[in-house]
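Same chain, two partners: subunit A is paired with subunit B first, then with subunit C.
Here is the complex of A and B:
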């Protein structure tokens, strides 16, 4: 009897956790959805077998940005606070990764520690900014203005750190030109460290991280916490009148979004071994909003797919000139806002779901 | 009888508009009480003061034996006050079920959560609408949904601001029955109402608010026969 209860309690808890992979806050459920998802993952896993190392490294680059996009999806799409400054946490974590790894080196898996520390620093900074914003009763469009200001201030500050006095230990911040020469992620291994230069091993690490973060966010968003977030988006006043500390929830959501942006920033720096102030500039700050809006901000799957599609499209266009590509991005945002405000992927998925329903009946 | 709510010298002014002009008011545990008064008398403002949405200029609010005047709104709710607003405060894009989940999930979990949701869906006749976005319910159904959200947390004191506004006579009567049932379960109810027939249906005692002050208080018959009340309110009200 005793054995039975101690055995079933954790098991049912795990079951409840996994049951939250599906729920009202995320599109896609049932065997059909998960089969397609597994197939997509299978194709993604097989991709390095058919593509050359450079292309795979490039695909890894796309994956890096999805974390910042998913984080913005939580903050904007789910909690309803449009942040225009996720790049602040991205850039801060990028610089943090550089400073830590340049000072500590790559032995004993210290680059992984540096990655985790950078995410923590970015996330904490977001919590602090979130605290002052939400407890300072800043709302609506002013959240966009404050967050944009934060990222632009950081950009301006980092751009003036060219002098030799701007160093942290061994690491020179290097002003406008940015910081470079930090080591890539390095996994300690028995036969010698594995250095994750852009290529298949890094690609697999990132793919694994994307899967973990995506599934983790699905569980979080379908949990009671996610319920409160979307309720705050709909009617924050009522949520407070149900006994929730609305500002605390908003601050936590903002912290999560910041930590995800920081993960992107640290991975980006490890991937390319450089980080510049312009990564926190106006153009960089605007792009995540385009990715998330175009795919669909209110659904984490749409955000993920949309970001990858838009990034790939953007890179293809850049071949014809980067200014041209930016104009197309702006036009894409405009079309989305006018034609499918809930996002193109969400629109397409809703349509597909409806067709599927019809074919079943 | 013990008091659940005691308000002393409550005062609040917005510039020249005095919405609460030294209100002394108390409510005994288990009461079902109505607050009436002409438009702009300060009824909704009184609720907002009780809920901590407005900070009073003077006065104290004691709830269930402790002073809550300095507490933030969500803390007061956690003490056991619950509210249905004059304008339906529901989550329109979320399903009826999700509305109820958000309302109850903080107090209830697992089986008791789903049981309470089921009970409230039956109570409000919204079983068939469980998965419907709340925004496309009829006005009366939205009111009921919000009442369900307010009562499912098993509050000690339930504040209702015009719970029957926009309801058909049939819906109004049904709402009255609901409130009697809730009161029977021990929930103290304070309702703002314009519909005197409804007031007669639910309340034993009535308080009349006028220009932010308590103008009269008594049983329903005393209030209806009160000549001053007839003059300021009942004679001109559109009931």
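Here is the complex of A and C:
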């Protein structure tokens, strides 16, 4: 390997970027952690080889929700602003995806464009809401109330769009029953488009997205931006005194969280080809909180694992007695808050880390 | 006559919304204003009050007594919840929201499992009166009077009674109150119980006008939270005027553009108010008089 002076600068920049995969704001570091992570990824990649198509489509469904959970982790766990209204951005992006794809069709990879546009719309909406909240300097519990009101009002609004006059171009909004019939994600390819119905191809696409988003968030959270977010969570006044614009950082974090929720929403609509107003309702709004709280909100890895574990548990529960699922969810929230406020997965990971440390010394 | 008729119609609409906002937010405002806890199970205390009221009324109790029973039961449940859960979370306000949400999920779904998806309610009493050819429900006029009575009663309770003095002392300087011999733990429990009882009262009062479903609490949620946000921490300086202003906006928009725009108007008002007056109305009013 010859040393080339012209690309040392970009290479060192890239190296600095990747060195931020580990840092004070994320748990897990060193070869042991990354070996385990690679193994998990390998198992996840091999999963479609051993499971049937339906189960793989179902696993893809789980992966869809992790984006919203990771976004809430950034907003709530890292920036310290508890948002109850991530479902507002989820639902908005879901509807946006439906409206755009029904109007534009699937040719030339337009569904991908629709996906990106929906994420942008959701993120922008979050920025606007965030502007009013954080520049109004409302704090703490009020953020939860305002975001909850936003999502509930959006639900009410979409639920009453039943008549034929509620249409955007070709797309009927259909009120309480929701929209359906939008095309799934379609990749343009030589010799015919690849239509991503729930199954292995969609699963691999989502798995790739999860890996990219997870690693990207690790880099972001260990960057100066992430450090400032954590500092704001711990003591906003001191951060302000040090010359940072607290409101701007909170608004940006809220926008990022909103964009992630929007990604989940658009992907969900593409996955199931329907979206209903109840996806923005009270019960739906509670679910991301449960995943993130139970897993552990102050670490992105714990959030990711916790979300998948709770989702899988929830589905198993639904098979055996769907009516008890919500009761168990509520009880889980109570137990977590009272007994393990850091979250169950974070508790387990701290324990593991301590065992490792002890065996080393 | 036509003018009188439309003026009365507007006043009725306004009073109806005002009563709904005041009655439904009173319990939430007491718990938030006095203890700084946002009670997301507020709607479920309302549901509890409504269910108990309806059961008691159908068991033969006269309606006013049944409503009081509903409030009492909700208050007792509230004190139990405070003792078991909320007590451990006073220094973690965000976690208390999560915990009360957990309680709300359990309560809604639990009632659905135990009592089924709907329950037989009680009919709206008192009939209606006729003003200029249109009929108005007399019970809703009684509800307006109840809202005013509730505000007056709470004022007397908090500013002219021994309980009120001790409660306010406990909230403002807990250590000092404790040093002076106040059992602060009991005061917190009683205040939370009072808030829950007020929620139960709201449920009882509105039970005759609504369908009894386990999720009925959520119909109160948005309105009562909005009122508390706009009003700020103080129920008298904040929540009452906020309810009046919001009622004006909502009644006006509903009359001209329909129900939906009434609700959207509320949301826009909230977002604008928090941008301009972060402390809510009460923070602003107190700031100017200081």
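Everything that follows uses one rule, which is that the second predicted complex is superposed on the first by the 355 of 361 C-alpha atoms of A that agree within 3 Å, B and C clash if a C-alpha of one lies under 4 Å from a C-alpha of the other, contacts with A are read in each partner's own complex, and residues count from 1 in each chain.
Definition applied: a contact is a pair of C-beta atoms (placed from the backbone, for glycine too) under 8 Å apart; a residue touches a chain by one contact, two chains touch by 3 or more.
Computed from a prediction, not measured in an experiment: that's the story for all the values here.
Quick check for you: in the superposed arrangement, does A:181 touch first (subunit B), second (subunit C), both or neither?
Neither subunit B nor subunit C is touched by A:181.
Answer with first, second, both or neither: which of subunit B and subunit C does A:337 touch in the superposed model?
Second partner only.
More subunit A residues touched by subunit B or by subunit C?
Higher number of touched subunit A residues: C.
Would you sort A:237 into first (subunit B), second (subunit C), both or neither based on which partner it touches?
In the superposition, A:237 contacts subunit B only.
Would you check which partner chain A:228 touches, where first means subunit B only, second means subunit C only, and both and neither mean what they say?
After superposing on A, A:228 lies in contact with subunit B but is clear of subunit C.
Looking at A:24 after the superposition, I want to know if it touches subunit B, subunit C, both of them or none. Which is it: first, second, both, neither?
It touches subunit B, and subunit C stays clear.
Kindly classify A:246 by the partners it touches after superposition: subunit B alone (first), subunit C alone (second), both, or neither?
Only subunit B; A:246 stays clear of subunit C.
Mind working out whether A:163 is in touch with subunit B, subunit C, both or neither, as first, second, both or neither?
Touch status of A:163: no partner.
How about subunit B: which of its residues touch subunit A in the complex?
51, 72-74, 77-78, 83, 85, 89-95, 98, 101-103, 105-106, 110, 149, 153
Could you list, by residue number, the parts of subunit A that touch subunit B in their complex?
16, 24, 224, 227-228, 230-231, 234-235, 237-246
Quick check: in the complex, which residue numbers of subunit C touch subunit A?
So the residues of subunit C touching subunit A come out as 32, 36, 38, 85, 88-89, 92-95, 97-99, 101-106, 108-110, 112-113, 215, 218, 221-222, 225-226, 228-229, 260, 263-264, 266-267, 270-272, 274-276, 278.
Given the complex with subunit C, which residues does subunit A contribute to the contact?
82, 129, 132-133, 135-138, 140-142, 144-146, 148-150, 152-153, 156-157, 160, 282-283, 286, 289, 293, 323-324, 326-327, 329-334, 337-338, 341
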